[in-house]
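I have placed the structure first, in the form of structure tokens, so that the comments after it can refer back to it.
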Amino acid sequence: MDAKELIARRVARELRDSTLVNLGIGLPTLVAHYVPEGMLVAFQSENGIIGFGSRPPDGMEDPNLTDAGGGFISALPGAYAFDSATSFALIRGGHLDMTVLGGLQVDARGHLANWLVPGKMVAGMGGAMDLVAGARRVVIAMQHAAKGTAKIVPELTLPPTAARPVSLVVTDLAVIEPTPEGLVLRERAPGVSVEQILALTTAPLILPDTVPEMTL
Amino acid sequence: MRKAISAEQAAAMVPDGASVMVGGFMGVGSPHRVLAALVARGARGLTVIGNDTSRAGHGIGVLIDAGCVARCIVSHIGLNPVTQQKLIAGEMEVELVPQGTLAERIRAGGAGLGGVLTPTGIGTVVQDGKQVVTIDGRDFLLEKPLRADVALLHCYEADYYANLTYRLTAQNFNPLMAMAADLVIAEPDEVVPIGVIPPDHVRTPGVLVTHLVKRPH
Amino acid sequence: MDAKELIARRVARELRDSTLVNLGIGLPTLVAHYVPEGMLVAFQSENGIIGFGSRPPDGMEDPNLTDAGGGFISALPGAYAFDSATSFALIRGGHLDMTVLGGLQVDARGHLANWLVPGKMVAGMGGAMDLVAGARRVVIAMQHAAKGTAKIVPELTLPPTAARPVSLVVTDLAVIEPTPEGLVLRERAPGVSVEQILALTTAPLILPDTVPEMTL
Amino acid sequence: MRKAISAEQAAAMVPDGASVMVGGFMGVGSPHRVLAALVARGARGLTVIGNDTSRAGHGIGVLIDAGCVARCIVSHIGLNPVTQQKLIAGEMEVELVPQGTLAERIRAGGAGLGGVLTPTGIGTVVQDGKQVVTIDGRDFLLEKPLRADVALLHCYEADYYANLTYRLTAQNFNPLMAMAADLVIAEPDEVVPIGVIPPDHVRTPGVLVTHLVKRPH
């Protein structure tokens, strides 16, 4: 299983029945493939739809129906299309049970940076600041480290996305939960040791007595 | 009843230096024919307000490529390297606004509200220079309304009164912008007789639309 | 011609082609009957429709389609139905070319009172405060006096509807325009003298050299 | 998929003393069957938020007649003499709010905004005790968001997911209230299978609706 699939499968275990969930562009999108059998989750795409499905059959693509990255999608029976003010009223108003976003850095207090690398990459925050400020649960899905450089750090060196800490961080190595006491290491990826995780994490981690392997 | 205009006529109504709202999200729901006509007429110095700058050669991206834009107010430029290059080279200004805040600022501009009080952006660079209002112990940023000289919209259907519908995710910022500009130009995919769109399905009433562009042939 | 018809006919002459106009409950509603031939005016009812028509044929009434007073109406081809936030975004946002409202009092500066008589009648402001604050032109359609008591007064004795003065006052006796200099008597009703108007007006009126009769 | 409940079951979910938003404008677009059930169960001490108190014997008026309401937050009571009598007799509190401000306060409650900045009410009694915010030289009233324990809605169609449509002027406050309450109960005229309502025609998504009342027979 590659790293992205592992992360997506573990994040999918955070899904709950009859909830509304937003998936960010990129890796988070993969989570939709691993919804547990029999569970009804409504996925929101912030460009204006609840209840979208995967890419339509060849030749059936509609230029008026895409995800937030501009990729063709389909709509499931019972879908709902809406404008951008409604989209963010749903997000900011606390109607979103969960959002899954990518991350560039998470710090020891659970703060996220994911939209700007000064002097290098100016992406823009898009919907990320509203999502972190407004969703009930914010789950970060990201590689644990970038080419050997830690992304889970004592203090953000990149501009923060919000003042509010995220709820959970899922990486290819670990599941980490920000708490008022600090970052708690909750789970290890299959075959990964606590030592391996600590070696690629510069933020202090609280280690419970047992750190079980992820169930996928 | 309206008389539909050409994309070229529409582009001629957008003066150099104007502030222009452009509907669309990564080019989906953007008025592509009017944008192409703006490039063809060599528009210059525009301030463009939209969700993003799409990608090179597409949507708002064609205006960026052609050097029509002096400044843009958007939430995302991450998928358009040309925007990033021009920003870094100092050829274009970019004001980044959180997407939900951008939507509400445009809505406030159209709805006659004095501003938007949002928790989004608190504790980030978005807060710089802005008033923080504490309401019942919680902090909110005061964000100003946005209006423009012109709004360029895409819609799915228009009837002869210029009542509009939108389609699926091509709706996005279009109905908000229809409320927030002095001149509103809509580019439809289809034109239908009055009465074909039921009152409950109209999303933008014709009274808000100044001009309708001919349907494509 | 009775007083109400006269007022409605005179107000109708303020209508302009291709405009959006809101008519208040009661007397203002009558204005819709006197739209000049060939003129296209879109009437808004603040309970949620642009493009309504008169009461439908017997047996065709729809409990889901009424005016702001709850009376049955019809919808014209090309009508638009909307929610209350949209309704007042149109009103407050300056998209309404004109509103016609009833009045209890108008004072020498053109301020309106029309929603409360303390200790006697508590109607509530309904949409009136938003309409006076937001419409481009505010035309008041009312009886000039109430049982001999002046309604156009030096100072409001009733609570004001807005800080903004109205644009025009049309009564069964006169057309009066509030200006920064004061109330200007613009027109007399057919057969009514300036003296008769002054006798039923306690606010000072500015009298131009000629005060023509209304054209209806 | 939902299991529809009876109007009586819906009424049982509204505790005495609760704050309750009720859709409708002069009773048009009000959930009449749930309101009748509330009267039948003898609800007491409710704070009702709605556009108006309709007329005696109709819409929210039935709750007033039956003494269910301790307080109401509305824009208009002029066509209901019972409300006026109870107000004058001190049997009920009435907070009068300009209609556009009421709509925006409910919208803000549902959209996570800190408040509403409106020119409406400046220079009137509505301003009393409220903060005035000056923005670019113009004064606006800061009006607080409104939320409720329960929203009781009327809709035209509902599908099995509780996606809702509204009809003509029966829409009014219903879609706003669907966003602004902890428990949302919708009373449909019609129930249709999933997929019958196209995505562009849904006005309130099922994810916002807690319970659906059975269609009338």
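We just call them A, B, C and D in the order they show up, numbering each chain from 1.
Convention: a residue touches a chain if its C-beta (ideal position, glycine included) is under 8 Å from a C-beta of that chain, and two chains touch if they have at least 3 such contacts.
Note that this is a predicted model, so its numbers are computed, not measured.
When the C-beta contacts at A-D and at C-D are tallied, the pair with the greater total is C-D.
Chain B and chain C, compared by their mean Cα positions, are separated by 35 Å. Once the centre of each chain is set as its mean CA position, chain C and chain D turn out to be 28 Å apart. Chain A and chain C have centres, each the mean of its CA atoms, that are 55 Å apart. Under the contact definition stated at the top, the residues of chain D that touch 2 or more other chains are 104, 107, 111-113, 118-119, 166-168, 171, 199-200. Chain A has residues 49, 75, 81-82, 88, 91-92, 134 in contact with two or more other chains.
Chain contacts in this assembly follow no simple pattern; the graph is neither a line, a ring, a star nor complete.
Chains touching one another, given as pairs, are A-B, A-D, B-C, B-D, C-D. Against chain C, in their complex, chain D makes its touches with residues 25-29, 51-52, 54-55, 74-79, 84, 87-88, 94, 96, 98-104, 106-107, 118-126, 156, 166-176, 203.
On the side of chain A, the complex with chain D involves touching residues 20, 42, 49-51, 75, 77-82, 88-95, 134.
For chain C in complex with chain D, the touching residues are 45-49, 62-70, 75, 81-85, 87-88, 91-92, 121-130, 133-134, 159-164. Per the touch definition, chain B reaches chain C in the complex via residues 107, 109-113, 159-161, 163, 179, 194-195, 199-200, 202, 205-208. Interface of chain B with chain D (complex): residues 104, 108, 111-119, 133, 135-136, 138, 140, 142, 144, 165-168, 171, 199-201.
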